[in-house]
Amino acid sequence: MAALAYITALNQALHDEMARDDRVCVFGEDVRIGLTQVAKGLHDRFGDGRVVDTPLSEQAFTSLATGAAMAGQRPVVEYQIPSLLYLVFEQIANQAHKFSLMTGGQVEVPVTYLVPGSGSRSGMAGQHSDHPYSLFAHVGIKTVLPATASDAYGLLLSAVRDPDPVAVFAPSALMGTVEEVSGELGPVPLGSARIHRTGEDVTVVATGQCVHVALAVAEAMADEASIEVVDPRTIYPVDWETIRASAEKTGRLVVIDDANRMCGFGGEVLATAAEQFDLTARPRRVTRPDGAVIPYALVLDQALLPDAAQLTDAIRAVLK
Amino acid sequence: MAALAYITALNQALHDEMARDDRVCVFGEDVRIGLTQVAKGLHDRFGDGRVVDTPLSEQAFTSLATGAAMAGQRPVVEYQIPSLLYLVFEQIANQAHKFSLMTGGQVEVPVTYLVPGSGSRSGMAGQHSDHPYSLFAHVGIKTVLPATASDAYGLLLSAVRDPDPVAVFAPSALMGTVEEVSGELGPVPLGSARIHRTGEDVTVVATGQCVHVALAVAEAMADEASIEVVDPRTIYPVDWETIRASAEKTGRLVVIDDANRMCGFGGEVLATAAEQFDLTARPRRVTRPDGAVIPYALVLDQALLPDAAQLTDAIRAVLK
Amino acid sequence: MSAEPRAVRLYRTMRLIREFEERCLAMSLSGEIVGGIHPYIGQEAVAAGICAALTEDDVVTSTHRGHGHVLAKGADPKRMLAELCGTTAGLNRGRGGSMHAADVSLGVYGANGIVGAGAPIAAGAAWSFQRRGDGRVAVAFFGDGALSQGVVLEAFNLAALWQLPVVFVCENNGYATSLPLNRALAGDPVERAAGFGLTARAVDGMDADAVADAAAEAVERCRRGGGPAFLECRTYRFNGHHSFEEQVGLNYRDDAEVGEWRARDPLRTQSTRVDGATAGAIDAEISTLIDEAVEFARAGRAPDPAEALHHLYADGTTPRPGVMI
Amino acid sequence: MSAEPRAVRLYRTMRLIREFEERCLAMSLSGEIVGGIHPYIGQEAVAAGICAALTEDDVVTSTHRGHGHVLAKGADPKRMLAELCGTTAGLNRGRGGSMHAADVSLGVYGANGIVGAGAPIAAGAAWSFQRRGDGRVAVAFFGDGALSQGVVLEAFNLAALWQLPVVFVCENNGYATSLPLNRALAGDPVERAAGFGLTARAVDGMDADAVADAAAEAVERCRRGGGPAFLECRTYRFNGHHSFEEQVGLNYRDDAEVGEWRARDPLRTQSTRVDGATAGAIDAEISTLIDEAVEFARAGRAPDPAEALHHLYADGTTPRPGVMI
């Protein structure tokens, strides 16, 4: 067993994959000094030709990655703020994502979009605190949200190796966390969920940092109910089979997801459950409110994020 | 009774509101000649000072509208293609939308974003055929999708008068349609659904052009079932009370919505129903597939759009 | 073919584009090409002149008005027209149509429905060429309208900063749909580009020879590692912005202006540089080629609706359908 | 106050910003200001010089490094600091914090967390002023990093094209976080702006007098309908990009360079233009003011979590909460 920090795992994945595959290159702001730690040491090791410090031209460098990918590279593009993905939504959703179908399969666009520090950063306020992965899922971008260091390593590796564009959201709340890992680190396939804890009474589907909230609540409620915690890991495409099997086993479903409620991933799980799963109780979701904008004051920021108390209430409600 | 064309209704709303309120102004490409018809005659009547033909600088003119709104104007911004909203997602979702909360209520941003021709245009292919309103709902932008000429008139009027940013999606499929209207045209409040047809057995929640598909299917299935057709009209905020009342009356719910399935509006209706509505059968939704990109060939384009046959199947499924 | 004098090759390419476009326009008006087209007629000297400086290994990104670029880069007119007719024999298997026609095997990274979107993509291909040091060059075509588009201006900066082997070709036809350039652009295209550190010049876009010379110079500089270039090609579209304009008639250019530019027809100019017999033979050859292309396109079959989502993901990921009963 | 000589007013504003920032930096490091700040220390001459040319009716848009602009435009330091402490007495009722501090009543349309985002917003306010013909002017502050941002370049074009009364103030402090300008920008800031048809010039951003003169000229031209301007103010930030840098230490500027710029401290330069007694009185006055502001901010109360979504919609629309049982 060794302690692996989440941020180190992301960095290690890039080191390993760049060493393994010469086509992998990194674009982003302040990647030369590895400001966010994700790119730490890459410039020293791989040089200017593969680690490119970009001016503040997110749109152009995002599509530059598309062009480079079409010409045979496998770029990883780092964004310092989750909302910078809004700035490049056209370049990802309307360009990179669509080339494969529009060309009738003539070309692949293997680009990875990496956001280290998604979600609230406690005190970074309205424009730095969104968690917009559901938008990417809606338009059909492969989207991953690793909850632990080993998943961060393995999913980032798979994202870089994938022939399609993949967005990787690494929640700010997890950056400093550490996982005890045993054995070799390896790729984690996209589209496969991870059952973190087995249980018999309720299935909690939890994403990103909410996985840890769910595990803590499951522990705290152990006397009341046996709770299974499932992390989809990939927001799109979803491992529906694992989620369904768990939900039908327990008959009860609660989702906790740190995104806006309306048209978010949590809602998609409930909708799919309503169509297809056999449940014995109404499902519940714990999310940010509809259309939330995170205010600055910490107490307001926290008031809008899904938390343990809300999850506990929701679990009790489905147990009733 | 008079015949009102959908496109004329939008144009009329702008004429009327510009005449009534000197602060209303229009920005967009080719608005001087009224290329899309929406702005027809406005330049002749209101001149350069209020009808501004813009260069292809969507990002700048979108935020220019924000600044003008903060300084007291009420801009309407026209976009020729639905996916141009991706290009300005930062300016709408991260700027205009957030100023009210971020400033603690110091300022209003009354801008209307108008897309005449959203959804498939039959033969315009991958980059011109999206219907991305669910994205706007997710981030919390007030979003309307009028299904008839009178609603187009009334909702656009309300959008322009609203103190917050509002996105108005006018489906391409409806542009040429005509409604028989009686009486005066007037504003239609945001957030209020319209029951187009009452019924006892199944509630069909239909949006945009799908309203007409639903009405035709309801008619065609009249022998089989009594179908209620409800148009939310506003995608966000949603008139949940009307939808709930209808769904609980009939006990059965089908949604038909021309957006991608995953994290789309259709899913949100099912999720909310699962949490809160008393239904007697599993709900269903008819949507575009997950992550759809519309191919060029007509037969492929149409294969991905929700249609009457699918809706009929879904209704029969909930009736079983 | 490369033994032929450049003037002849230019003429052939331009004649091909002209005939192709005239046939397409007719097929758009008759409804055979469903989405309509943005006709390239009048601008042929630009595509022909630029692509004359390129090899098959070089890359181009094109625009909504892309047929000329795709053909000049060597795409098969048969498969191109089949694409516009939405058949499986099309370049994109009927998935792309006019606004996304691509032949990646020839370095055509596609027409593009979003103005300016191709510029940074071309810069990205150029970045890749630079990294590999293989001497290839990328060309981004775009209209005057794209000079106001943020992503294009960002791409100018990155290309100049990193000295990428990319040539930005601005086809200044004076209008972005109905908007004349003087109501779209503050300053001058060449000065704007120069302000980004690009080697920039204007060239007569109605003269294929002039364009080909300028292109050869810019492309060679790129190949030698001498950095990117910007070429403003002054040209004109003889027809409406889009085929629908032939039907509705929009009134934003005056007839005299159209007439003046039509009098400078680049195809006619180029024909004077080729001897009559050669020109006649090419005309006949092209005419046959286009007839065959039309026949080929009409004989194609529509894709199978069950395959509507094929190619959505390169790894074959299958999305859920729109209805699940 | 307006009877005071300009030099004195400039000195007071700069001293206010300096003291405010030093206190904020300490409070960030101690954790009292939770998100940290982007300190403005070293750049005071720019905010002070520019805002000296403005009236309360004029509008400014600011940046992530915005405290100086907000204060120079006249915002109450008490309420500003209360905002940074996240209390209800803050300018934004504790909803905005450092990166969104705004006082709309004084024309401060807010600091902004997205680089370059304020430029088109200022242009929009200017469009509104032009339409009403009321002689007001808008100023957009942004850093050198913003010169590579598409929306800023688009805004340059629109402003020049429409001759809007807006002044674009580029605070060129040589770095965008760790990226030096010569690795960010091809060409020169002033030439780039001029390429967009803007009246453009560079000015010594360490000299408040020089900035104020240039600002007065540009602002007066705007008021007369003479069109927009671009001012490159050459300056330097004495501290790290963000307060966290004081803790982690990033190594991208060398000490000699920092030392050279610190030797040109604009506050010291300005102090030489004010007689000693006046400067001393101002120093004391500011010191008291900041002490009071700290007290005021510390005494404030945190907002009620039940009101976390207040002001989300101007019409009071109430969104659904995150959990519904």
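The letters A, B, C and D name the chains in turn, as written, and every chain counts its residues from 1.
Simple rule for what comes next: a contact is a pair of C-beta atoms (placed from the backbone, for glycine too) under 8 Å apart; a residue touches a chain by one contact, two chains touch by 3 or more.
Model, not experiment: these values are computed from the prediction.
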- Specify the chain most distant from chain C by Cα centroid. D
- Taking each chain's centre as the mean position of its Cα atoms, how many Å separate chain B from chain D? 39
- Could you state the distance in Å from the CA-based centre of chain C to that of chain D? 45
- In whole angstrom, what separates the CA-based centres of chain A and chain D? 35
- Task: Would you kindly tell me how far, in whole Å, the mean C-alpha position of chain B lies from that of chain A?
- Result: 30
- Query: Of all the residues in chain B, which ones touch at least 2 other chains?
  - Reply: 55, 57, 59-60, 83, 87, 90, 94, 101-102, 125-127, 140, 237, 262, 275-276, 284-285, 290-293, 295-296
- Out of chain C, which residues touch more than one other chain, so two or more? 92, 94-96, 100, 112, 114, 148-151, 154, 157, 161, 183-185, 309, 312, 319, 324
- Among line, ring, star, complete and other, which one matches the pattern of chain touches? complete
- Can you list the chain D residues touching chain B in their complex? 59, 61, 90-96, 100, 102-105, 109-110, 112, 114, 117, 119-129, 131-132, 138, 150-151, 154-155, 157-158, 161, 309-315, 317, 319, 324
- Contact footprint of chain D on chain B as seen in their complex: 25, 49-50, 54-55, 57, 59-73, 90-91, 94-95, 99-110, 140, 142, 162-164, 191, 237, 275-276
- chain C residues touching chain D - in the complex, by the definition given at the top: 148-151, 153-154, 156-157, 159-161, 183-187, 191-198
- Item | Complex contacts: residues of chain A adjacent to chain B | 83, 86-87, 89-90, 93-94, 97-98, 101-102, 125-127, 130, 132, 134-135, 137-141, 236-238, 259-260, 262-276, 282-285, 290-293, 295-296
- Which residues of chain D touch chain A in their complex? 33-36, 83, 86-87, 92, 94-100, 112-116, 145-146, 148-150, 176-179, 183-185, 250-252, 302-303, 305-309, 312, 319-325
